[in-house]
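Both complexes shown next keep subunit A, but they swap its partner, so subunit B is in the first and subunit C is in the second.
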Partner chain A sequence: MVELYILLILMIIGAVGALEMKDLLSSVVALGAVGLGLSFTFLVLKAPDLAITQLAVEILSVIILIRATLHKDLPEVPARGWSGGTAAGLGFAVVFLGVAFLCIPDLPPFGEPLLKVAGHYLEAGLKETGAANLVTSVILDYRAFDTLGEATVLFTVVMGVLAVMRAVGRKERGKADE
Partner chain B sequence: MSLIVKTVTRLTAWLILLYGINIILHGHLTPGGGFAGGVIIALSFIHLTLAYGKDAVLRQLSKEAVHVWESVGALAFLAIALFGGAAGYFFANFLPAGEPFNLFSAGSIPLSNIAIGIKVWAGLFSIFLALVLLRINRGDK
Partner chain C sequence: MIYFLCLVLLCVGIYGVLRKRNIIRMILGLIIAEHAINLLFVLIGYRLNGRAPILSPDGPILQMVDPLPQALVLTAIVIGLATTALLVALAMRLHGKYGTYDVARIRELKG
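On to the complex of A and B.
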């Protein structure tokens, strides 16, 4: 469990660094470090499926963010110093941590979920679906409807991106290259 | 990009592509599956696009073809679900389960993995094309 805490502290440091760095590229690299830490966390928690997916998606998003930020000179947000925003953030953090401190003792202990249906998947999954990888048998057989929703979300995202970046708006400005 | 990047890309892009296909096809046996494999295949195409420029890739695979492949993946997944519906209920595993730990096992799960892999590959690659390359072109002018 020690390595898990080390990874979590590393991820928090990376997230704070991504927020605080002045250079946009360094910020994106710090964000990539957070994703890498999350991938290793999944490995430590014995979820290699999630680790592979997290690593691949993180590489993709870091590439897109770097290509999107590298040639941009975004206007720098002026530092505002300690003000009402900081006070509100601190107040929210205090409220959140207080409520979490009250609620966390009522959660089931780590590794003992309330839902008993997972036990059935572990026992009968191989016999009922024939898939050696139980994660796949859950997401594509028992819970395939969720996967259909996820595919719909991806489809909608692609349509939204293409609608926002479509060529019509650019042709009106005389740049009809696509 | 420079000559070094192009040479390394030529040596590694197909390895990444084959790794993605391997992850998709063995999704029901080893960790991974349609989503992760699709992202890795999209990464191999992005690798080529970054090294050789978008024209070299779009000559082989046009943007319209990517959109067609994305729809094919989504419709194939839905068709598998509807075949299951014909066999009993929506998303029923309509093929025989077969011998566990074989490549041809687990009924319709490998088919769903392939459909999702195609869909995720085409979707993420078209997002990359639209979001990154078109913007950079606009900035250059």
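On to the complex of A and C.
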């Protein structure tokens, strides 16, 4: 329990650092720290599959973000001054957290999951699907359409990135008006 | 209480999306909010002193944690990577066209 609190507080510090640091590259590294903390948290929460996936995904996304921040001529973006918008943002945070605080008692208490559907998976998972890892039996058998949708999203994103980043067949900037 | 800390993390992420001028910072805020929601799902499925939902040949394991949120979050993590990649590609195209990541300046430079 204590380690969960420590990890979560470290993640919040890392998140604030990622948003507030001056240098963009440092921000990306701070985000990597947040992802690493999340991976450890999954490990503490007895979700080894998630910890492995989170680690791999975080490495990839940090690499992608570093590629975007590598430009040498990256101009400094001035921060917005303290204004009504910032006050509105903080007010939003206060209202959101207040409402959330009122709603938390309606969630199942920490440490006692409902297990309405998953109780069946826990009992009959091995017999019905033959997978010892019950997470695998859920994603590849009980909810296989979910995974099919995920693969579709991945394929679509690959096509989208290719279309956005494509250099061939694009007009030069100055010639666009001719 | 642990749920509340998780929601604080979500709030930090939303604040970043709403209030930052740098597009890359906005993307970072979105990723942080994503992490917070994934963590909330897994927290709700956790059982105190639970075991990982992997069966062993030695005998029945009691007190397993809920495998359903874990499976859903596994999908969500991968989709999060996909959306991040698409967002970064769009941000890099914007940088190539306008030479800045500043949303306020991009708005000025329209056309």
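Some points to look at:
The definition used in the following text is that the second predicted complex is superposed on the first by the 161 of 178 C-alpha atoms of A that agree within 3 Å, B and C clash if a C-alpha of one lies under 4 Å from a C-alpha of the other, contacts with A are read in each partner's own complex, and residues count from 1 in each chain.
Just so it is clear, a contact is a pair of C-beta atoms (placed from the backbone, for glycine too) under 8 Å apart; a residue touches a chain by one contact, two chains touch by 3 or more.
Given the structure is predicted, the values throughout are model-derived calculations rather than measurements.
Annotation: superposed three-chain arrangement on subunit A; subunit B versus subunit C shows no clash, the two fitting side by side.
In the superposition on chain A, A:95 makes contact with neither subunit B nor subunit C. With both structures placed on the common chain, the touch criterion links A:31 to subunit C but leaves subunit B unconnected.
After superposition on the shared chain, subunit A has more residues touched by C, the comparison being subunit B against subunit C. In the superposition on chain A, A:87 makes contact with neither subunit B nor subunit C.
By the document's definition of touching, of the two partners only subunit C reaches A:19; subunit B does not. In the superposition on chain A, A:157 makes contact with both subunit B and subunit C.
After overlaying the two complexes on the shared chain, residue contacts for A:124 are found with neither subunit B nor subunit C. By the document's definition of touching, both partners, subunit B and subunit C, reach A:133. With both structures placed on the common chain, the touch criterion links A:115 to subunit C but leaves subunit B unconnected. Within the superposed three-chain model, A:148 lies in touch with subunit B and out of touch with subunit C [touch as defined at top]. Once you line the two complexes up on chain A, you'll see the smallest CA to CA distance from subunit B to subunit C is 6 Å. According to the touch criterion, the shared surface of subunit A, contacted by subunit B in one complex and subunit C in the other, consists of residues 48-49, 53, 57, 60, 64, 67-68, 71, 126, 132-133, 135, 137, 139, 147, 150, 154, 157, 161, 165.
Residue ranges of subunit A in contact with subunit C, taken from their complex: 4-5, 8-9, 11-12, 15-16, 18-19, 24, 27-28, 31, 34-35, 38, 41-42, 45-50, 53-54, 57, 60-61, 64-65, 67-69, 71, 73-75, 77-80, 85-86, 89-90, 92-93, 96-97, 100-101, 104, 107-108, 110-115, 117-118, 121-122, 125-126, 132-135, 137-139, 143, 146-147, 150, 153-154, 157, 160-161, 164-165, 173. Subunit A makes touch with subunit B in their complex at residues 48-49, 51-53, 56-57, 59-60, 63-64, 67-68, 71-72, 126, 128-133, 135-137, 139-141, 144-145, 147-148, 150-152, 154-155, 157-158, 161-162, 165, 167, 170, 175, 177-178. Against subunit A, in their complex, subunit C makes its touches with residues 1-9, 11-16, 18-22, 24-25, 27-29, 31-32, 35, 38-39, 42-48, 50-56, 64-68, 70-75, 77-86, 88-93, 95, 97, 99-102. Those residues of subunit B lying in contact with subunit A across their complex are 23, 27-36, 39-40, 42-43, 46, 50, 70, 73-74, 77-78, 81, 90-91, 93, 97-101, 105-107, 109, 112-113, 116, 119-120, 123-124, 126-128, 130-132, 134-141.
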